[in-house]
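Can you keep this structure in mind? I'll have questions shortly.
For reference, chains read A, B, C, D and E in written order, and residue numbers begin at 1 within each chain.
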Amino acid sequence: MSQTIHRSVAWVFRALLPIVTTFRMLIQDRFALWGLSIFGVFIIVAIIAPWIAPYDPFAPMMTETGRLMRLAPPSSDHWLGTTAFGNDVLSQLIMGSRVALRVGLVAALAVGFISTLVGVISGYFGGIIDDILMRMTDVALSIPTLPFAIVAVGLLGPSVDNIILVITLLFWRNGARIIRSVVLTERERVFVKWARAAGASHLHIILKHILPNILRVVFLWVTMSVAFAVLTEASLSFLGLGDPSITSWGQMLNTAFASGALRSAWWWVAPPSLMLIALISSLYLIGRAYEEQTNPRLKDHS
Amino acid sequence: MRAYITRRLLQAILVVFVVTTIMFFMFRIMPADPTTMFLEGGMTEEARQVLLEEWGLNGTIWEQYVLYMGNLLTGDFGNSFFYRKPAWEVLFPFIINTLWIAVPGLLLGAFIGSALGMIVGWAPRGGKVERSGILLATIIRGAPSFVVGIGLLAVFSSYLNWVPGYGMGDPQGQTGLMRYLNWDFAHHLILPLCAVIIFFIPENLLLMRSGVVEARTEDYIELVRAKGVSEKRVAWHAGRNSMLPLITWLFPALAETIAGIVVVEIVFSWPGVGRELVLAVVRQDYPVAQAAFFLLAIMIVLANLAADLTYSKLDPRVAYK
Amino acid sequence: MNYLVKSVATATVGAGSLFFASAALSQEKLGEIVPKLSLAYYAADMGPVYEQSARVLSQEWAKLGLEFQMRPIQFSTFVSDIIVGGKLEDMAVFSVGADPDRIDPVFYLNNISACGQRANGSSWCNEEYTRLAEKQLTQVNSDERRETIHQMQELFQSQIPWWPVTNTVYGILYNSDKWENVTNPSPVAAHENLVDPWLAARPLTDDRIMDWAYLEDVSTYNPMSEEGATGWMRFVYDTFAKIGADGKSRPWAAESWEFTDDTTVRVTLRDDMTFHDGEAVTADDAVFTINKIVEIQPPTMSSRIGNIAGATKIDDHTFEFNLKTPDATFETIAMTYLFILPEHLWADYEGDMVNRDVVADGVAIGSGPFMFKEWRVNELHDLRTHKAHFAAPAYDGIRRLALGQADAIRSTMLDGTADIATTVLPVAAMSDLGMQEDFLEFIEIPSHGTMMTWLNNTKPPFSDLEFRRALKTATARQRAAIEGWLGFAVPAGEGNVPRQTGQWYNSDLEPVAFDIDAARKILEDAGYGWDDDGRLHYPVK
Amino acid sequence: MSIEFETLRGTLEKKPPVRLQVQDLCVTYKSARGPMKAISGVSFDVEPGSNFGLVGESGCGKSTVVKSLMRLLPASATTSGKVLLDGNDVLAMNRQQLSRVRWAQIALITQSAMNSLDPVFTVGDQIVESIRAHADVKHAVAWARAEELFAMVGLPPERLKEFPHQFSGGMRQRAVIAMAFSLNAGLLLADEPTTALDPIMQDQIMSRIRDIQKRLHRSMVLVTHDIAVVSETCERVAIMYAGRIVETGPTHDVLNKAYHPYTMGLQNAFPKVVAKGEKKPPLISISGGVPDLANPPAGCQFAPRCPFATAQCRAEEPMLRTAGNSLVACHHMERATEFRRAALKAETWRVEETLQ
Amino acid sequence: MSGDNTTVIEGRNLKTHFEGRNGLISAMLGGKSETVHALDGVDLHIDKKEIVGIVGESGCGKSTLGMTLARMYEPTSGQILFGQQDITNLHGSKLKSYRGSAQIIFQDPYSSLNPRLTVEQIIREPLNIHRIGNETEKAARVAEVLNRVQMPPETYLHRFPSNLSGGQRQRVAIARALVLRPELIVADEPVSMLDVSIQAGILELLNQLSKELDLAVLYISHDIATVGYICDRVAVMYLGRIVEQGSSDDVMHSPLHPYSDRLMAAVPSIDATASRERVHLSGEVPSPTNIPAGCRFAARCPAATALCHTVEPELYEARPDHKVRCHLYLPEDRDLRPDLERPKAHPFA
């Protein structure tokens, strides 16, 4: 009994091990450390957003004389000023982190799952299955991203869930290719050949020998997918196809742009822009460091 | 080689066919009815039926599909609902406009990016050049294209007032090629072109850099260095080899690239095909939107083919049968 | 922070006092909960004001214990699904523009309110009302017609199937260093038609071309296939009449007209008109145009010309319209809408006239104050002044720049590239610019354009008149105007006809003041109740 | 052109063989776990026109020695000591001097010919590149030289126009050899030139290197793990273990009369083809693995695997001392005869294995 | 000897051809692909306690032979007998059970073990796959095989491959092969990536296991010297066929086929005094996609005559238990093509 417990504890530990080692490996890279810190801050802000946002993001601010506080520059009451509709920019900015992260994480996990599924099946089995799946990705790869997203969101309606769905539909293709190519090399590894020679079932080989060894690439792809998802959500919102019931950074920029306030209200335009750059760059930094550390040919041997 | 190209072309046709089919059905199940563009005045139901018939929207969806694909084979994309003329005629000038920012943007971006990538890749590992190069490239890569566009607009057009930030300039009655070969056009071209270039640089830079860094560890680079040739020559060997992964990325990345260009066109009011595509979707001008998708799909597929062929030119190891 | 605390506090206190009284009593007598209501509105492609307005309105409605699902819908989908598609789920907030022919109230009275009309999206059908609606259409005598219309509004007000929320204020921003005498077209939106602000303008500098900064393109110069941008078409082609700010038609290409009987109108054309190619405009051209249009019934025109049976030439400058039935709206709608085509360029055309590419064929030729020069799609339209025109402006031409987005319009106005901009730049932004810059002048145009609230009258809770009444009472028209439209809208009047249409508006209707407490009272009296979470429940059956 | 070509040939032919003296060469790599001393105090001389073998197993540092001779080590490595080419210290040269010496005086036949030719340039161009980097001649002249070199290694000259991937492994190795001789460098470094080749090809390549090298009278350092190849090729040999030379001397002496237990073990582990009917000596394996150079054991590096190791061996690092014709780094080389006998028996080594 | 009780496995006229893979589209277009004749008619048997060596240059088909016998590939034609059972075309559970009895040891010890599993998990895996034994029995078996390969279980059971040296990894690979108690082991270049000082141990171990556990071992190598050490019989392969076969002493010391002769002569000797004749073989091995008519070695053989270029020789039993595929050994009384001259003298004699 205690042995079973011991074993299951060991199993959990082993399953977590790649994550822990990955993390340990990443914090050795100064860029990745920055990336992780920025990303960490975003996650924290997103979690506690409702408590730290000073105002309701859509509440109209009024001046003492009862007029709408339009395009007020930063002040002590409104650190980042107000929008053309009298909303507090800082509050919108803080609440916007939630959408970015929700879309980013959920879409990335979905993308990771589908990419892995397709990539593993295609790469492992090869032959006609591979052929069919790869032709499917060819088709998917020939669809221009944003125009498709525009049509699809127009079709499904602009809710966060639909945006996530569309992002998933768009980005599984690249991941499937990458993961497939890793599986192709992994499949040729001698221990996989051995397992086949020993009579192991396909499922056994995939679960025991292929998946654990491609997890790193999956992780990398999921990280990158978070960035793509955030970027796509922002672009859609910027084009006016974001979920209207919540604030997002792309939407803030869209509103600023459509209100013609681009040049006059820097406090409304600059913060969401910088947030987007910071969040996406932080993910790219993590991804890059990860690539650098896991690719022996890129690794700095000094 | 010819057999290979034939095979790839057939593959490409299949892909385009499927993409076209998908887009066709996507547009047909869109909730809106395109006749509503004419409805503000309260069109009568009879008139609506006339329009539907005229646009080939009255049969079952399968009939419409067969009709559409049949017409497509003869090069007929249908008539734009909005402009009332062949979708192809509508799109053609926009395509030219887009090419003006897309092609030089892509080429310059790739060139500048890979040149910088060579420098960063060849710089000492862990040194200032490498670290700042990577950091900058990553940050720029993390900037959505509309943020880049807005930033450029704000700084160079609004604040410094150096260059205009909208449209293609006033041609003063110039038409044809002369519409593009004038100073005013060039002046208007600067910002959107810069946005596209900036959009391209980081990816190229980072890819080139990893390529060069990887190549630096290759045995053949060691041998080249052992031969006592100049460092520049050694770098050339590394760069030449790193172009291969770059090519494989560059062309297929078009699908994502188009997204960047669409946004750039919108931000800079550039009358290009991307902006028209978005407008067509909003206006439910299906024939134009579908034709644009069709053209983009063909472009991407051909670019992939071109990537393969270029690759085979650059990499003598690849021999297609 | 202050504001938030305050507003939350008012809401709870205000609602709370009623609450305790009623909730405790009726706890066990609650019916079904009123489900979450979907609230459709124009998505961001129409600008941010609709979303803001919908949010402001729903905030107040929510105080009745309702919950809303916000549903932004793109313009075209909105029109086809909700306005004419009959697919309104629960509620919608949207607006109609200040088109010139909507100065005649038939759009508000019939098209969106009467039984069986395609655009009656709120699916309200009152037979008495519909009978009156049909009657007023035939009342050529405007006094009689006005009486019917006022009666209809009373009936409407008692049933409140939907209601207007605000009337739009448009704006014109122009470069006052370069131009003067830009007139105010109120109550019609400037870009929609009235040639006034453009034709009257006078240049102050040598730059005698007026550059109009605009978002989008018009799609064609064929007057038989264009609907969306008839305003621009009016520059190139002449109509028989123009509508005035008073809602009455005044002569344009027609020098005069009279009803010779209920279904015949005799029209006398001006004798000093020529087409841009120099040919004189005669009754032949007018008759040709009318008969051709009646014959082919272009889909985009069908609703406006449906009542015309044909035309007969009397002499070179006189002809007669033959109508199918007496038509009260004929002067204001059909006369201002039919564009005169040159017979000599169209008579021999064998193809489908509706789909004729007039630019390619070189026949973008009318008799209007401006002549077609160039069109670069999604870039610009270039028109030159037709000097021989009776209303030719005092400058050389007009160009419409398709700039695609607000920021570009703003910068063209600032750098002097454009001389005039209209609604497409958010009005508040135009007003700001007018205040900031000495050389920019802002004109405010109160209009009859209306933002309204539609309800699905066939479905509970909206099928209940008391519920509708409560909802209207809780409609914060003032807030929507200030917070949604940034002050560039005014709270709308009662009934269904905009106050800005002048004589057609029934000013005797009793105003419904915004009052949440009163609204809750109405609901409570009708048997509705609230649960502990404050959610509204139906009365027990 | 032909005059130019003759001039080129003339200068190349006149080049003398190089004398190589390596003195106290040390190489340290920076690594995540601290400095890693890959090479410690390696010294050897290569007489002009002679062959010197550097033998050792993987990780012993023999390739590092070769790379440091041409200063090809990555920036993370620090090198000390002297590498004298006819008295000039390579390690002290500036970049310009270095590039003049490389290939003109010291050329390299790399370990894996598979990867040592740039895949995107033709083989001919790569040879021409090496010539023109040092001799100011026209492309055509250099090409003619390349044709000559191809003929020398037995490849048809028309294949100069081909890319490396069109060559088989053996041909590629020959092309690399041709390139190494392109400037008739006085010293040739051959780093495992035949590893991963089939026996027939291996034999052919080695014969060819030997033939050309003898004919042109070049000096050569041959790095390999295959003592048979060394025994057939080199006059002198050094056995390396863990970044140090443990035994060096005339090849025949070192291989037949080893003083260091590692040399003995290596020799006995090597499978031999014995005459028909003769009893095969048992194969020996040396248990354990090479020491971690970032954290080396005290004393003799071989002590943990050595069946004869004593407490002294584990405490004190032995210095190279003369024994017979060789230099040996072993505290107990006086007992070499005894060791040699014991080392022939598999049990001697196996005991250690199970103990481990 | 075939059909003998002690024969563990026997291949009869085995052919394994590979088709170049084509995509959907070209398949639809009926595109033709090239066939690689990797294995082209091989007869071989291995007895209990016997180690048979296969030597030859890379690409000669020796690995394909091993993989075909282990049924990693399904032979294109021919027959494989495992004991009395025909396993040529087995599928499904029967194939799986055969795989339990025939194990492979691969060349690269660094990638043949999954880096994420411990030694215990690695060796236990075959038992899990074949559902053999309960936990206790499994543990016992794992310990037993680790002891057999001289790796004390208490030390190694919980180590990861990254903590093992190359030789130890190869021992783990052998232990993993033994845990199912196989009858046949295909060892595909098991020591070629190991250092010389370690390979001896592995070879000794294989030899010992074969004798102690009644194993039939197919030892594939291009290192002829090691073959001489442990093999009872040796077959020399050239371009998909066996060209010479016999006891390892015979083949190594008095090779008959001109090719084997060259192969043996190419082995360098540690004894520099023993001079050996230099090898000169012209030309390259022909492509296995385009096999020449006649003797496959003819193009490179100095003794080749018109007969060699036209008719492929059979395996002639030149000496007792020593067969060779060369017309030099065509019995005097047999004339395949009297019109063609047969080769006379041994080219390197």
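The criterion applied here is as follows: a residue touches a chain if its C-beta (ideal position, glycine included) is under 8 Å from a C-beta of that chain, and two chains touch if they have at least 3 such contacts.
Small disclaimer: the values here were computed from a predicted structure and weren't measured.
Undergrad: Relative to chain D, which chain's C-alpha centre is the most remote?
TA: That would be chain C.
Undergrad: Comparing the two chain pairs, does A-C have more C-beta contacts than A-E, or is it the other way round?
TA: Greater number of contacting C-beta pairs: A-C.
Undergrad: Nearest whole angstrom, what separates the Cα centre of chain C from the Cα centre of chain E?
TA: Taking the average C-alpha coordinate of chain C and of chain E, the gap between them is 88 Å.
Undergrad: Could you state the distance in Å from the CA-based centre of chain A to that of chain C?
TA: Here chain A and chain C have centroids separated by 43 Å.
Undergrad: At what distance in angstrom does the C-alpha mean of chain E lie from that of chain D?
TA: Once rounded, the distance between the two centres reads 32 Å.
Undergrad: Can you work out the whole-Å distance between the CA centroids of chain A and chain D?
TA: Computed value for the inter-centroid distance: 51 Å.
Undergrad: Would you give the residues of chain C that are in contact with at least 2 other chains, written as numbers and ranges?
TA: 45, 74, 77, 405, 407, 411
Undergrad: Which chain B residues reach two or more other chains?
TA: Residues 11, 14, 30-31, 125, 153, 158, 266-267, 282 of chain B touch two or more partner chains.
Undergrad: Give me the residues of chain A that touch two or more other chains.
TA: In chain A, residues 135, 154, 257, 262-263, 302 touch at least two other chains, as defined above.
Undergrad: Hey, which residues of chain B end up touching chain A in the complex?
TA: 11, 14-16, 18-19, 22-23, 26-27, 29-31, 125-126, 131, 134-135, 138-139, 141-147, 150-151, 153-154, 158, 206, 210, 213-214, 217, 252, 254-256, 258-259, 262-263, 266-267, 274, 277-278, 281-282, 289, 292-293, 296-297, 300-301, 304
Undergrad: Could you pull out which chain D residues touch chain E in their complex?
TA: Counting only chain D, the residues touching chain E are 57-58, 168, 170, 198-204, 206-207, 225-229, 231-232, 251-252, 255, 265-267, 269-277, 280, 282-289, 346, 353-354.
Undergrad: Under the touch definition given earlier, write down the residues of chain E that touch chain A in their complex.
TA: 21, 23-24, 70, 72, 95-97, 99-100, 103-104, 106-108, 111-117, 125-126, 129-130, 173, 176, 180
Undergrad: Which bits of chain E are touching chain D when the two form their complex?
TA: Residues in contact with chain D: 57-58, 150, 165-167, 195-204, 222-226, 228-229, 249, 252-254, 262-273, 278-281, 284.
Undergrad: Spell out the part of chain C that touches chain B in their complex, as residue ranges.
TA: Answer in residue numbers: 45, 74-77, 79-81, 83-85, 97, 99, 101, 107, 111, 117-119, 216, 219-220, 222, 225, 227-228, 297-304, 306, 354-355, 357, 360, 374, 376-380, 401-405, 407-408, 411-412, 415, 417.
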